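Below are two complexes that have chain A in common, paired first with chain B and then with chain C.
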Partner chain A sequence: MAVDRRKVAVFGAAFVLRLLLICLFPSLPDLLTGRVEVSTPVNSFKRLQEGLYLYTRNVSPYDGGVFHQAPLLLPLFSLLPDVNSNPIPTAIFYFLVDLVNAHALATISESGQSVQSRLHSAMRKHIRWDGTSVAAWFLFNPFTIATCLARSTSVFTTSGILLAVSNAVSGNTLNAMLALGLASYLSMYPALLFVPLALLCYDQRAQKSAQAPSSGLFILQHGAILSGSIAGLLGLSILITGNFWEFMSATYGFHLLVPDLTPNVGLWWYFFIEMFDSFREFFLGVFWLHLASYVGGLTARLRRQPLFIITSLLGVFAVFKPYPSISDASLYFALLPLYRHLFPLMRYTFFAISALLYSSLLGPAFYHLWIYAGSGNANFFYAITLVWSLGLSILLADSIFAALRDEWEQDHPERKGQEVKQV
Partner chain B sequence: MALKSAIRNLRNNPQLLFVRLPNILSFLCIVVGVVWLLLLPLNDYSRQTYISENALLPGQVHAYFTGSEQNIFRGYKKEIQALIQEGPAGLKVATQKYEYTSAGIGYQGENVYGIIHAPRGDATEAIVLVAAWKTADDELNLNGVTLALTLARYFKRWSLWSKDIIFVFPPDSKTGTQAWIDAYHDLHPATVQPLPLKSGALQGALVIEYPFENHFHTLHIVYDGVNGQLPNLDLFNTAVAIAGGQMGIGANLQEMWKHDDSYQDRLKTILRGMTKQGLGYATGAHSSFMPYHIDAITLQPKGEGWEDEMALGRTIESLCRSLNNLLEHLHQSFFFYLLMQSNRFVSIGTYLPSAMLIAGNFTIMAIALWMRTGYYSDSKPGVSAGSDTPKSKSEKPSGTVTEKEVTESKLNGSTVAERVLALPLTLVSGLHLIGLVPLWIFNTIFHQYFTAATYIFVGVDVVLPLILAALLSNGLGISRPIVPQQYLLIKSFALLLLGLSLSTLATLNFSLSFMIGLLCAPLTFITRIQGAAAVRYPISVLGLALLNLLSPPAVLIGVCWYTGVPIETVLTQAAFGWDVWGMWTQVVVWCVWWPAWLIGCVLLGSSMF
Partner chain C sequence: MTSKNGDHGSPQTSSTLKADPKPSAQRVPPPETPEAIQTRFRVIAAFWAVIIFLGFPIWWKTTSIYRAHLPIQEMADWADGKTCRPVFPLEIHVAAPTMQLPESQHLVRTTQHALDDLNEFAAHHLRLKLTNDTETSTAQGIDNTPITGSMMDDAPDTALTVRVVAQEGLATPRSELRADTTQLDIFYPPSQVPIPSSSNPPLSVFIAEELQRLYSEEKATIAYILSGGAAGRDSESISRRLRRSMKYADTYHLSFSLFTPGSAPSSWDIEAAVQEYLSPLLHAFGPISNFTIDTQVQLYATFSPMAPPPVYDETESAWTLKKEDLSAFINAAEWPLNPSIGNGPTLNFILYVPDPSQSPMVVKENRASSWIVPQWGGVFLLNPPLEQAGQSGSQTNPGHITQESLRPAFMTFSHQLLTLLGTPTTPASLPLRLQSLIRVRAATLLLSASSTMGSLARLTESLAAIPIPATVASSVSTTLAQLSSTCSHLREGRFGAALTSARIAETEAERSFFEKSMVGQVYFPDEHKVAVYLPLLGPIGVPLLVSLMKELKRLVAGWKARRRSTA
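== the complex of A and B ==
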């Protein structure tokens, strides 16, 4: 296999940059681990350490109500040396996971699935970044670097999702489902990606084989594989924790019922702090339904571009998840460059990116004013999380607009380049 | 109708829309921002101060600190004069040794402090009274220390305290309180000893400075904290209300001894306050308390008058009684304000727009430049088309040529042109990272080299932009030379980042953001000059010379020359602030101002190559 020198350079540079950062600023990882923008109750490395401490002393890791992550992470991390005395191996492990993610992203990009799929062929195919550039955008994105240095466990979910997609575009549908099973097992919400991912797998299969398999049977089959893989992982978890219901309620119950309202960059915490308790269940249902409803709508409307559905859904999750962090945004930003050909059609990129930049600077400043200086209050930080979500939603809506416009131009070649008018 | 046709005109005239209009708007923003600040001292824009926290009840208590206490005061004074340092009898007393090193100078000392446990409290809250042996001006604070000791003895006898009172006697006003307060919160460095004795959460701190013998006339209240953080306005108001209302002592601020409440004096007070806030250094022993969200002020008796130490003692007693009344931490009143007189202020809502407008001017220009690079290619036709992603050309050489031509002709019409982002992004982020180098140098080297380093840096600032500009124009050694669109993008990103940082900074330290914004204002209007060499060279050389006068080290030298303070003193103080106080003014200078300035110079310098 010929080694791509550019790719090696990018991956090497990303690795060295991360290593330099932790060597020059040894307190940086701990600082980032404590930031609410990076670490949420469901991906915090600090909480993982707590769970690990209990686990290695043969106490149930969920005792004490601090740890809410999947139990399979515990044996994995107990293999690594103690992070307080020797932080480098853990850090390097995270760097490698980042590189694996970047590699999966490069594979996705090189498959060309984003511009040319079974049912769709983009109008501006020539405007495209190659896999290495897309991987570089991911690896040198400050949000990715921050997530990686903060040792947030979201990177494993990211790996699951990216590996699932990269396997799907290469036609390994079984591996794709297994990877999605891992991601769903770790964070639950990736299970919502099943339908678009199955469609992506189906398109791949249909393209390769002479006659398309029956779609209903195909989806059923893959649904069974996904459920099987999740069930297998859950079975392993029982071996580790012993008490099935305790771990289910501490992990997935925690995701579903949102009992911890620590501030984060999302929209849920403030809303549920303000809410009267009697309405809590109702609005939990509404919020989850709202999040899940995007799957159906986007899948139906963008059926021809399953990979774009996945990208957009990840953007939706980054805004509307119960415990979002910047790692979710970084995953969305990682997949967005695959749609480089849509950028010329997008109208508000600069404003959306400015809003995101403003909020990523003002967010920590306002959090400081609220928590440390005491001269601000919770509304300061909440206002900035609104701006952040607004920036992401503008970007999301704009990219969906661009994708629809692209489809429309394909259907109506004679109308290409004409201005859109709202009727 | 007139408006409609004006808008239509604008759309048909891209030169006006993308080049002239943003310049006008940016300039207007700066002018309005400055004028806004100048309007603040007027009665219509400022407000009378008022006590917002009702629990404070300033001046509602009778102060009993009189008469025979004066004899005690004299007695203590005599003992202190004989240099016997002992806490007053009956208090829990402890000491704390500390040591700091900054810019090659060592600072060491020992704090002495004692705690009165509140008869009615549960040791969960405390008030701090500080009397440093040396005042902020390095005078012996003889009467201040004596007064604190006398008050300690006097307070001990009262049963009305519901909060502990801590008396701290640091050896100087610069390091002592910082070491003490850091250790109180267990955040001290290894060179500082931990505190053996502690009390509850600190609710407020008062610093007494009384370094002279004669009777005084007015009370000077110092309130600026590190990094421009201010104490709650209620604390300041209480001090003014008690001094003026109850004791009949006038209060001054910002060293304005003769304040006739005219526009000039108000403006002068605001500007002095802004200078201190912007520089962000500690103005007294109280400043170190501010980062821990403990409101603190220094009381300095000033002038020749008939008020004696007993009057100051009664003021402090009354202030402590007010703080003692507090049911929760001071939070009611403003934390962001500009004071223009002891009883007049402007709040953040009124003054913030001025700094935000100045920061906004950079953002406006950045947006305009971004749109200009995409929608409208000025001066050189075909620039945007020529720069259309060389990458994509090399990747897909054939097959889509006709399609591409169609798109390109479309692109030049109404839709977006392609932008080449890699080089501008790398350059702008790289130069911002390089700012860490001078930051590190100016906080690490020994103090005797500071002056030389500053002058060397002035030289570096002259040469570096030219080198960068030459490198850029020759394509950085890579085959593709830089195109004019990229210069605009570099400027756009640099200004966007500057606008972002300054508007964020305005919420933390208004004055610093305002000052840096004004110093950077020319950067909005600087571009790469095109045209005949005869015009280009003189203008760009002149522009570079003028810009170099506004570079961070040049401004430092200029200010030092104007105020007569040696450069070494300023930089030693700054390095000390960085090492001990946690001051981050330097970060803003070297990682926000300097990179933006450098990019401006590179753009101007590139017109010579």
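== the complex of A and C ==
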């Protein structure tokens, strides 16, 4: 088997860079683990350790009210050596997960699904990066590196999603659903990706076989596979925790009801701190529906490019999720380079990227002013998270605009490159 | 909130508006393909499906205010006193072992007549019942069941037993109330045995007057309470007595403190003293209230600098405090007197041992060594015999106060406790006073729980927007049930049971009235809801509504066109 030397070099360099970082700055992982931008209550490594401590002493890990992550992570991490005395094996495990993610990303890129799908063919196919470059974008993204070093458990959700997509584009629909089941089991919100992912699988199947299978039956079948895999994982979790309702309310109940309002880069915490108590449930419903309502609209509008629906939805989640962190943004940024051919059509890239850079530099500073220096207040940090969300949303809206423009040019090839005017 | 305005709409506006970009201003835009129109319809339908099928049910479920049903009319009736007129029929047993049965029956009948003539307050009346050893049916008993042990629960409490005994060598009848039981002995000269023909024998009149005198204070108190504090006969003294006593509580906390300005005494036999002198009284109070006790010893407790110091009085050869200065005696700023421990109010009892240089200390006007602080507690000045310390000849307080020397203090404290708890001052028998207190308390609690019910009813009527949790409804129904059982217990003369019910009613009534979740929205008028909904839902809603309207217009136009073409 021919080994792609460039790919090996990129992967090796990424690995060595991470290793160097933790060897040169041994306190860096713990510093990053404590940052609110990286660690949220649902993916914090510190909280995982608390749950692990309780679990290894045969106490229910959810007893302390601190741990809110899926129980299957516990036996996995109890196999690794103690992170306080020996942090390297855990770190290397995370590096490897990152490399697996990058590999999945390279697979997606090499399938060419982003430029050429069953119902759609991009106009600027020639402008694109190969799999190794896309993987490099992912591996050397500072947000990815920070997430990896902070040992946030979001990386497993990321793997689940990326593996699901990479299996789907290679036509391996069963594995795709199983991987999505894992991601949904870990963080719940990836289940919203089911419809576009099923469409992606359907397009692949239809492209390969002579006659297209019945779409309704296909989606039902894959929905059953997804539910089955989630049910299986939940069944395993019951074996571990013993108390079904306790772990359901501590994990998924926590995602749904958002009781912990620790600041993060999202929009929910400040809003629910200020909200009147009697309206809390109502606005929880509104926020969740707002998040979910994009699935239907985007799927209907971008039916021809299912992979782009997934990408855009991941961007929506990174902004509107209850507990977002920079790892969600890094996942969106990982998939965006697949659409290199849309970049020439985007209009506000400079503004979006400036807003993102501005907020990622000022965010930690304002957080420090608020929490440690005491010379600022919560509004400082919240304003920065607004700018961050604004930057992401501009990028998102711009990329969707570019994708639609691309589709329109495909329908009207004679008008390619002409000025557009919005009506 | 503001962020939402900026970025929520981008995906769907881009999907709806940017779907049909015009190539340039001059040229007519190319006609939309049916496919594009269908796609747009689907996008709008997808958003509206989420809103209608998920959004509206969530809105309905989470913002509807749960108002449990309350029996408003019934509650108001209780508060207005329409449901229950409390009556206090006291059952008094008459035993006349030295009389013949017809004679004693006649005596009871005539005495009852005399009593009824004397009584001017209908709610409180005395019922005589003859209990000789032989079973006798009585003239005016509520039920004819003789009192036996097993039937005690249903039978009315016996308020008093009157023993009518013949005694030689008496000119007129004589009464004697025993201080420790509920028995009144009447001694009469044998010559005064009522003859069956006489309608108003002197013995009956005497007994009736005695009984009337025994219960006059209680009667006046209950009349005062039921009338809501309106002026009446000796209402002045009653209201003063009620002002001095604590508000009723289910549990009182008693705090006994030893204060001394020096280093001695530093210990006291408080546990034994409480056990010996106070426990029986507290036990007797069991049906009325519960008590918790703590004690403390505070050395070097000085007077407040503002308080006038005691003055040496040559004639009394004692250090004296002026009566008007007693209010400044307690150094509230520095003495650690807990305002409240636990959930009940605290009664403070202070034992003050003066410094040897200021001993003995008394109150100037009457040489008293104790006084009561209304609604707060009592103070006792203990002047123990001084001891000679060493060769210097200086005198010191004893280091330890024995149980025996605490005896006068605790006798005073017991008396103060009775006063602070609102016990009537007459009659002389303690059991009778406690029984009287039970009736007074039952009446107070009945009224207070009823009026709480009325307030709650008015509150829920006037504030239509506050939620009423199910716990409040269940508390209210418990209260009403306990109130009516209080009322029926009172009517049948079972005052202990009535007080028990009234205590539960009062607790539940307070709980329902002070339910926290009810008042959360009191200051939240409906107009504020606009401010809650609009900033977030407005920006989301406007593009959705506009697109929906456009789409509907298009559908209607298409439908009309189709009809025209077919017609």
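In this text, the second predicted complex is superposed on the first by the 423 of 423 C-alpha atoms of A that agree within 3 Å, B and C clash if a C-alpha of one lies under 4 Å from a C-alpha of the other, contacts with A are read in each partner's own complex, and residues count from 1 in each chain.
Definition applied: a residue touches a chain if its C-beta (ideal position, glycine included) is under 8 Å from a C-beta of that chain, and two chains touch if they have at least 3 such contacts.
Bear in mind that the values here come from a model prediction, so they are computed numbers and not experimental data.
With both complexes brought onto chain A, simultaneous placement of chain B and chain C is permitted, the two fitting side by side without a clash.
Between chain B and chain C, the partner in contact with more residues of chain A is C. Contacts of A:P344 after superposition: chain B is touched, whereas chain C is not reached. Look at A:L357: by the touch rule set out above, it reaches chain B but stays clear of chain C.
Contacts of A:G374 after superposition on the shared chain: chain B is touched, whereas chain C is not.
When the shared chain is aligned, chain B comes close enough to touch A:K125, but chain C does not. In the superposed pair of complexes, A:I394 makes contact with chain C only, with no contact to chain B. Within the superposed three-chain model, A:F271 lies in touch with chain C and out of touch with chain B [touch as defined at top]. Of the two partner chains, neither chain B nor chain C is touched by A:S227. Of the two partner chains, chain B is the only one touched by A:A365; chain C is not. With the two structures brought together on chain A, the opening angle seen from the C-alpha centre of chain A toward chain B and chain C is 80°, to the nearest 10.
After overlaying the two complexes on the shared chain, residue contacts for A:R301 are found with chain C alone; chain B is out of touch. Taking all C-alpha atoms of chain B against all those of chain C in the superposed arrangement, the shortest distance found is 11 Å.
Shared contact residues of chain A with chain B and chain C: 419.
Contact residues of chain B toward chain A in the complex are 229, 291, 293, 329, 331, 335-336, 363, 367, 370-371, 389, 391-392, 395-396, 400, 403-404, 407, 410-411, 413-416, 418, 496, 500-501, 503-504, 507-508.
The touching residues of chain A, when paired with chain B in their complex, are 124-130, 133, 344, 350-351, 354, 357-358, 361-362, 365-366, 368-369, 372-375, 416-417, 419. Touching chain A in their complex are the following residues of chain C: 1-4, 6-8, 10-12, 14-15, 17-25, 29-30, 33, 39, 42-43, 45-47, 49-51, 54-55, 58-59, 61-63, 520-521, 524, 532, 536-537, 540.
Listing the residues of chain A that touch chain C in their complex gives 267, 271, 276-279, 281-286, 289-290, 292-294, 296-301, 303, 312, 316, 319, 386, 389-390, 393-394, 396-397, 400-401, 404-405, 408, 411-412, 415, 418-423.
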